[in-house]
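Alright, structures below, take your time with them.
The following pair of complexes shares a single chain, subunit A, combined with subunit B in the former and subunit C in the latter.
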Partner chain A sequence: MDEFDQALNIESDTYISSKEEGISDGKRLGYIDGYQLGFEKGTELGQEIGYYQSCVSVWNNLVNIYKSTQKFTPRSLQNLEKLTKLLDNYHLNFNDENIMSSLNEIRVKFKLTSTQLGLQTKEQNELSF
Partner chain B sequence: MSDDDDFYGNDNDTDQLAYLSNKESDRQVQQIFPIGYQDGLEIGKEITLQRGFNEGFIQGSTVAYRWSQLLGLISSLDVFFHHNKQYVPENVDSSILESLVEKINSIIKDKCSPPSIDDLKFRFINFQEEKENVVVNTTATSSCCSKDGNNSTNGCCKDDNNDKTACCSSGIDINSLKLNDNGQDQDDDDQCCGGGSDKEGCCKSSSSSTTTKATPPAIAKEPYQITLNQIQDALFHQIAKECVMTITKMGLDGEQLLQDCLKSTHRVSMN
Partner chain C sequence: MPLELIGSISDGLCPERIWHVAWHPSGDILASCGNDKQIQIWAKEQNKWVLAQSLEGHEQTVRRIAWSPNGKYLAAASFDVTTSIWENTSSDPQDIEFTHVSSLEGHNYEVKSVAWDSTGTLLATCSRDKSIWIWEMQEDNEFECLSINSGHSQDIKCVAWHPTLELLASGSYDDTIKFWKDIDGDWECLYTLSGHTSTVWDISFNSTGDRLVSCSDDRSLLFWKYFEGADKWKNVCKLVDHSSRPIFSIDWSHLNDKICTGSGDDSISILEQDKSASTADSEQYKVTIKHEKAHNSDVNCTRWNPKYPNIFASCGDDGTIKIWKVIE
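Moving on to the complex of A and B:
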């Protein structure tokens, strides 16, 4: 092995070892970057869906409790029923291509129902779901 | 002339050559190292980015989902009583609902803010490659029996022997939130762990004869399970109790409303 071969070996050895070191650090950094982004997106969606489900559950209870004394329009009750079904069946499935269109449908129905019931919440206006 | 006296002999020539050679190789190393490292960094990031996203998503969405259920519960009641003051019981200030909404909102802000990169670096300082074997393709129904109670693998808390109101799906034992006739919390908060910790053993699990504590399903060490421990923390339990007490003051069945809100599960499937 002459000096030229030796120099070439140093180059390739250095490249390989530094690349391995980079891969090892990159795995940790990639995981952390992904985790942070995922956490952020997850809280946005989790917050939104949890809020909708809880509100709808309360609305159903309120309708049952006050139906004799409080007037709820048939249309609002019909929409509440549909919205309840939509939320019951909602599954945040990333393998489903229609995941966002289902969520959009829930968003629209939620706004509509809350307005018809006269129960538009503050968060609904403040948060840009 | 002896070798010792050879001032500019062959040995020095060799040393000088070696010195130059080392200097050259050092220069090469310095030039090549960042290139290889950068290439490796990109490859490494690509390998784990999606897994990190999946695990972060499940973690974040599960925590946010639970806390938002409490927010939705109180917020929707706040709006209802705001528009229908005739239903507010006498001697009760309906602003207690608004205060609670603000309180939950501030908790959500705190709990749901993404961890900083530095924080995560510290948490994952011992990131191990074997974590890659974790299958993320799961339905994160909070490891629960779900509404129908059909989880045969983990064992279901909703079997016939258990009180139906004590469900792992809610993350908390609804029975432990019951109030006495005076609307007071039955627990002695100073002495009780809050019933939220399953791992370390809870004082409520055996001492109360009236409370049927659901046996938590066997928990496999999956990343999202960490979340469950977080959301079953004492703070969640405490705020849930506060919600029940506040709703009860408004003349409604707080336990029932809370139970109805918490029974829905958060379902996430990642690819």
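Moving on to the complex of A and C:
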């Protein structure tokens, strides 16, 4: 009767083994997709923070050079200082829950500081004076 | 207590939606704005309202206008993402000659509202970009941005300053009202009032600034009272069902405490507090007049005259401005 048992169980056996294969394939593909997405988003985040940091570094230098001619309002300088501090304290630690809210704080401060310094930023890609 | 129509201004053959009307502090001049991208200034000449000046320049709809407390400046919020500032540069103090003096840029999307604080030095603008910008007027008509306030999770529809304090309230598409104050150089959100179940279209403080009323897309009016001891704003009255459509505008008169509202059901209502039924924690307000078909379409704005009691102006989607008197 063994041959008949095999024939009777063929559907359920195939189902079980296919399901196991599917799960392991899914895990593998899911990891590849997730890695790609994470890489993309991580790069975007890094680019954004890098952009702010480079602007802030240039602004801080400009402020030092032109300090004597007093081109900057005290408020704008205060905000530049606060923005510098925010960026210094920002770490790309993906286990930190506040990573996105801190980023939002930085975005708003950046917009405020650039407006107060009399600069216009366009879509984070161009800086016009 | 009926409502009498004492004046009417309509634009002509092709009327365009009028979004907002604002009375000059003198009570004798009215400004309006709307879809035609212009700001119209109306003055009374022998009992008729005539166009004194038309301010052009915005590239999109002008959504809201606000007079400075001394009446010398007019600010206009537009969908073209800028806020324009106009100054009355006429040498004759009785005359009207407004000149464009500044353009406030920075918002990423349409500017929905603008308001001057009680001292006339601060200006607040709010936008679909979910932020409120606080500006300070400097000499030679320059404006410095003091703060960008974020906190609302959606489009901000209206901003209103407290009548005496440097305190700002805002109403949003996120169903909440937020209060903002400068704390040691940084503007922060002090209170968040939840209660509405849909967009808060307009808010208004009473003359003493210890009450706030809000109207919403959820067809209700909420009255809020400030409890000093607890340092909290609490809801003390809720009015539902007196309008079948969203209520777009609300204004609390600083002359006689009456409230006027404009609704999407084409009606205008007048409300008053029922003092006999009110207690310290729960107040009663009732509709004393409901005037149906005040306009032929949505009523977008109703505003009390700041000088003459019981007089208010309204405007709507039908492109007309109407002046009303509450008969007592």
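Throughout what follows, the second predicted complex is superposed on the first by the 112 of 129 C-alpha atoms of A that agree within 3 Å, B and C clash if a C-alpha of one lies under 4 Å from a C-alpha of the other, contacts with A are read in each partner's own complex, and residues count from 1 in each chain.
Just so it is clear, a contact is a pair of C-beta atoms (placed from the backbone, for glycine too) under 8 Å apart; a residue touches a chain by one contact, two chains touch by 3 or more.
Just so it is clear, the structure is predicted and the values come from calculations on it, not from any experiment.
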Fit or clash between subunit C and subunit B when superposed on subunit A: fit
Please work out whether A:Val108 is in contact with subunit B alone, subunit C alone, both, or neither, and reply first, second, both or neither. second
Return first, second, both or neither, reflecting whether A:Leu29 touches subunit B, subunit C, both chains, or no partner chain. first
Between subunit B and subunit C, which one contacts more residues of subunit A in the superposed model? B
Minimum distance between Cα atoms of subunit B and subunit C in the superposition (Å): 16
Can you give me the overlap between the subunit B contact set and the subunit C contact set on subunit A? 120
Using the touch rule from the top, collect the residues of subunit A that touch subunit B in their complex. 3, 7, 10-11, 14-55, 57-62, 65-66, 70, 87-88, 90-95, 118-123
Mind listing the subunit C positions that touch subunit A in their complex? 105-106, 131, 144-148, 150, 185
Subunit B to subunit A touching residues, read off their complex: 21, 24-25, 28-29, 32-73, 75-80, 83-84, 87, 101, 105, 108, 112, 114-115, 117, 120-121, 124, 127, 129, 131, 139, 252, 256-257, 260-261, 264, 266-271
Interface with subunit C, subunit A side, in the complex: residues 73, 75, 78, 104, 108, 111-112, 115-116, 120
